[in-house]
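Labels run A, B, C and D following the written order; every chain starts at residue 1.
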Amino acid sequence: MNGLRFRKTAEFDEEVYAVHPEDYRPLLEALKAEGYDYPRSLSGVDMGYGLRVVVHLYGIESGRKATVYTDLPYDAPELESVTDLWPGLEWFEREAYDLFGIRFKGHPDLRRILLEEDWTIHPLLKRYDTGGYPLPDWQPAPWPEPAPWEEPEAAGEGGEA
Amino acid sequence: MRGPTTVEPVPGRTDELIINMGPQHPATHGVLKVVIGVEGERITRAVPHIGFLHRNHEKIEEARTYPQIITYTDRMDYVSGLQNELPFILAVEDLLGVEVPPRAKLIRTIFFELFRIASHLVWLGTGMLDLGAITPFLYTFRDREMILEITEKTAGARMLPNYFTFGGVRRDVHPDFFKDVAHFLDFFETRLPDYYALVLDSPVFQARAVGVGVLSRERAIARGASGPVIRASGVAYDVRKAEPYDAYPELEFEVPTRPEGDVFARFWVRFKEMEESVKIIRQALEKTPKTGPYKGKVPPRVKPKPGARYRAVEISRGHLGTYVVSDGSERPLRVKHRSPSFANLQLIPDLFVGARFADAIAILSSLDPVFGEVDR
Amino acid sequence: MSLFAEVWEAVKAVGAGLGAVNKRISEPAVTEFYPYKKPEIPPVSVQFLALIQNEDGTDRCVACLQCERVCPSQVITIERKRNPEGKGFVLERFDLDFANCMHCANCVEACPVSAIVTVGAFEHAVYDINLLKADKAMLDHIGHEAKTWYSPKFGVEIRTPDGRIEKAPPEMQPGGLAELLAEGEGGEAS
Amino acid sequence: MSRMPLPADRLVQPRLVGYDPTHPRPWLERIAYTLFFSALWVMVILAYGAVPALFRHYGWLSTTAGFLIYAAVEAVLAFLLAAVVALILIVVLRKYLGKVQERVGPMHYGPAGVFQTVFDALKLLGKEDFAPKRVDWLIFRLAPAIVFVSAFLLMVALPVAGGWVMADLNVGLLYIVAVSTLGAYGVVLGGLSQGNKWGLLGGFRAGAQLVSYEVPLALALLSVGVYSGSLRLSDVVEHQYGLWHVVPLFLSFLVYLVASIAELKATPFDLPEAESELVAGYNTEYSGMSFAFFFLAEFVELFLLPGFMVVLFFGGWHGPLFGLEPGSFAAGVLQSLYFLVKVAVWVWIFLWIRATLPRFRDDQLMDLAWKGLLPLALVGLLVAAFLRMFLEVL
C-alpha cells in the first residue's frame, strides 16, 4: 500500500479507510490481496458537498471488516469499477449509478437497475425535489477543508504495525 | 414498459426461443422478470430485470426521523418482517451508545428466530408449489399462522409488527407469550417429520434437486451470496456467528453447512436452520426472566452523533446490512439497506445458463427472493 | 442388487410421504368461515384507530400534536386553537387519511393521554380509496362504537354497558403494564 | 371532505343461502354424497344395461331405424355419463384435497359443496370463449374436441358387468391403445396452435410425454392379451375367475399404473400443464367451454384409466353374486356396483398420489419411460408369455 493516499482509522470494530479517488482501486486491490474476499455492500452517499462511495468488505477466513470510502465532486462522479475483484458488487455499482449517477469505469453492464431507462435524474441526490424535502432551493455545501493524506511511509508503518 | 429487452435474437438462429419469464409468472415469487433464451428445454441465456416493486425506501427514509424509519424497514422483506428492523436499530444504538437490557435482547432473539421459522415455512410451501406439490403449501401456512398469532398477541400486528425499538422492544410481551411459544415449538417438532417425508426424503424431490444449480464455494463468496445459499456451498458464513448481536453470543447453536451447493443442499440447510431455530428459542426461553426491563434508557429525541455505522444481521435470507450516516440531526443523512436477496439474485445468470427450464424454477425457489427487499 | 435396494428405498420414501398426507385426514379443518363467524382478535391488535371521548363527552385529546409529529406517513392533520376558558388547546379538526396509514400505531404510542387508541374494528374496507378519509366525527364515532380498546399508557380499557370507561380486568391485559404484570405473576406463582 | 362510511351502513351483510357451512351436518353430507354416487350407478346401469336390454328385448335392433335410434340414445347416455363422472370426480378431488390439507374444500353450494362443480360448469358455459388474434383458428377449435372425443370414445369399450358393454369389440385392447393415443394429438395441437410460447412448450412436452408413455402402456396391455389369450375385454375379465391378473402379471400392472398416471397428466407427471413453470401449458389461451372440455376429458380419463385397470388386472365386475344367475339383469346391477367400488378405490389412490408428490422434470420423465418402464414392460410381456405357455402345457 505504499504510495497510496489514504487515512486509516478504527471505528467500532472495523477499519475505516478514507482514500483519494485516484487511489481507490489500487487500495481495494491491496485489500483484496490482504484477504478481504467477501463483498458486504457498496453504497453511494450524498454528503451535501459531494458524493461518497462506501465499500464494506469482510474476510471470510479472518473475520475482519473494513470500510473504504472516497469522496467525489458533483460534477465529475467517476470512479473505477471493482467488479472484477468482487463480482458480487456488480449490481451494487449499478444501483449506485442508478440512484446517484456515479459512473464506474470498466463496469461490464452499467445500466439502470431499479428505475426505468428513461428516468430523468438520479433520485437519491439531495437536489432531487420530492416535494418539500429537501428544500427546493437546496444549494451544495462547500467542500470541507481537505485533511492531509497520510504520508506514504507513515501508512506503510501503520500497515506493518 | 421497463427498458428494452437485453436479449436480442441471434440473426439466423432459429432454434432459440426467447421468453419473458415474468413479471406475471406464477413461479417468480413476486415481480421478477427474467428474459431467457431456451433451446428446447435448455436455457442458453438469462438476463434478470428487477425494480418493479421499487418504492425508494432510502429516499423516503432520508426525510423521516429515526423512530419513524423503523416502520419502513419492516416493509422490505415482508415475509420475515420483524427481522428487518434489527440492523437499523443496532446501527443507531451503536451511534447513540444505548445499552440494551439483557431481557430485551433475549425477547428480540426469540422473535427473530420465530420469524426465521415463519419465513422458512413460507419458503418451503411456495418452493414446493413451484416443484408441483400443493399439499406442503397448506401445511406450512397453517403452522406459520401460529407464529403470526403469537406475534399479534404481543406486538399488535401479524406480519409487519413494528415491535423492536431503540434500546429494546416497544412493550413487554404478553403474559401468555412464553407458554404459547413453548407450545408452538412442541407442535412444530411433531410437524417436522412430515415435512421431511414430503420434501427432503421424497425421491421425486431428490430427483429434481440433487445436482441441480450447482454453485461453487468460490463463486458464492465472490458474488456476495449469503444466508442458506452460501452455507449450502460449504461456507460457514453466518452473521450470527461472525459478528454476534443481541443474545446470540450466550446461546449455543450450530451453523449447518453442506458442500454440494445444489438445490437440495439449499433445501437441506433451511430445514436444519429451522431445527436450530427451535433449539435457540428453547434456550432463550429458559434464560429469559419473566419480568424485568424490556427497554433501555433512550433519549426522548433520537439524535445520534455524527458518524456512520454499518450493522448486519442474519435474516432468513441472509446478510441484511444497514448503513446509517448521521449528520447529528433528527434525520439521517443516508440509510442504505444491503438486502440479501438483491445480492443472491445476481447468481441468476450463473445458475440458469445450461440448466433445464424446469430446473430454473427449482433454482429460483431455492434462492428464495422476496421482492420487497430486492427492489426496496 | 443395489438397484433393487434403491428402488425399495424410493418406494419406502414415497410410502412415508403418502402416510404423512393420509394422517391428516382425521385432523380438524382450520378454515375460518369469516363473514359468518367473526374471528376473535387480541385486544392489542392494531386494526383501526379511534379517538376516545371521556364519559362526559369531552375530548381526551389535548391537541399536543405529538401524533402528527411522529406519524411516518404523515396522515394525521390537526388544527387547534387556544382554549378560551383555561389552559391548553382544543381541537378544531382531526383528519386521518386511512388510505396512506400503515397501522404502525406510533401515534398511539406517542399520545400522552391515550386519546388516540387502537380498536379491533377491521371491517372498514371500501371500494373507493377516496372514502378512506376519516374526520374527527368519524373517529369519535368509532371510539363510541368500540367495546374495548388499547393504548400503551392505560392498557386495555372497556366501555361498560351503562357507558362508563373502565380498565379491563388483568386477564384481558397484554404485557407491558408493570403493575398488572406483577399481579399476573403473583397469581401464577401462587 | 367526503365522509367515511360506516360498516353498518355500507356492507352487504353476509347471508347464507341454503346450507350453513358453519354448522356442518355430517349425516346430511353423507347422504348427499351417497346420492351422488348412486346417481353415477344409475347412469351406468341405464347406459350399459337397461337401454340395451330394452332394445334387445323388443327386437328393435334388427331394423336399421331401430339401430340408429339405439346408437343415438346410447351416445347421449354416454355423454351424460361422462358429464356426471366429471362432475363427481371434480368435487371429490377438491373435497379430498381439502380433507388432507386440513381445510374444508368447497362448502357453499349444496350440502358440503356437492353442487359446486355444477355451478362451476354453468359459469364456464356463461363465459366468453375467447380466441387470441394469432391462433390457427381451425386447429385451435378442433383440439379440445379431439381431446374430449378420444376420452369419450374409450367409454364404449368399457365392460362394467357380464354382458354389459356398449361395443364388445374383439380387438378391445388394441382399440384402447388406438383411441387413447388419439388424445395426445388434441393436446399437442392445442399447444401448438395457440401462438403462445408457454403453450408451445407445453405442447412439446405433452407430445413427448404422451407418445413415450403409450409404448409401455401398450406393452402392458399386450401382456394381458397374451396371458388371457384374447383381445376382447369381456374375455379378459372372464379369464380372471379364480385368480386376478394382478398376481401373475404384477410387473405389467406396475407399468400400467405408472403409465396411466402419466397418461392422465396427474401430479408427478403433470409437466404439460405445469402451472408453476409453463403458466398453464397447452391450455394457456383456452377459456370458457373450450377449457372446460380439456378439463372434462381429464376427469373422464381419471375414471376410465382406473376402470380399465380394474378390468385388466382386478377382475373387472367379479364379486360374490349371492345366488343370482350370472347374465341376468339383477346380477348385472350387482356386478356394476362391484366394478364401480373397485374403480372408486383406485381413483382414491390416484388422488392420494396426486396430493403427495411433487413433479418430475421432463428429461427424468423420459428416462423413466424409456429406461425404466419399457424394459419392465418387456419383462412383463415375457413373463406373461411364459406363464401362458406353462398353462397351455398343463
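Here is the rule we use: contacts are C-beta pairs under 8 Å (C-beta built on N, C-alpha and C of every residue); 3 or more make two chains touch, one makes a residue touch a chain.
This one's a predicted model, so the numbers in the text were calculated from it and none came from an experiment.
Each chain gets a centre from its C-alpha atoms; the one nearest the centre of all protein C-alpha atoms is B. Separating the centre of subunit A from that of subunit B, both taken as means of CA atoms, is a distance of 26 Å. Centre-to-centre separation of subunit A and subunit C, using mean CA positions: 44 Å. Centroids built from CA atoms put subunit D at 65 Å from subunit A. Among the residues of subunit B, those in touch with two or more other chains are 135, 139, 142, 198, 202, 204.
In subunit C, the residues that reach two or more other chains under the touch definition are 14, 17, 20-21, 24, 30. Residue positions 100-103, 355-357 of subunit D are each in touch with at least two other chains.
Shown here, the protein chains touch in an arrangement that is not a line, ring, star or fully connected set. Across the whole structure, chains are in contact as follows: A-B, B-C, B-D, C-D. Only residues 1-7, 10-11, 14, 16, 20-22, 98-104, 352-353, 355-357 of subunit D touch subunit C when the two sit together in their complex. Interface residues of subunit A, counted against subunit B in their complex, comprise 11-14, 37-41, 43, 45-48, 54, 56, 58, 60, 63, 65, 67, 86-92, 99, 111-117, 123-124, 128, 130, 133-134. By the touch rule above, subunit D contacts subunit B in their complex via residues 97, 100-103, 197-198, 200-201, 204-205, 267-268, 270-271, 274-277, 279, 355-364. Considering their complex, residues 14, 17-18, 20-22, 24-25, 27-31, 33, 35-37, 95, 98, 121, 123-124, 126, 130-135, 138, 141 of subunit C touch subunit D. Those residues of subunit B that touch subunit A in the complex are listed here as 1-4, 50-51, 54, 56, 58-59, 62-63, 94, 221-225, 235, 237, 242-243, 307-310, 312, 319, 321, 323, 325, 327, 333-334, 336, 338, 342-343, 345-346, 375-376.
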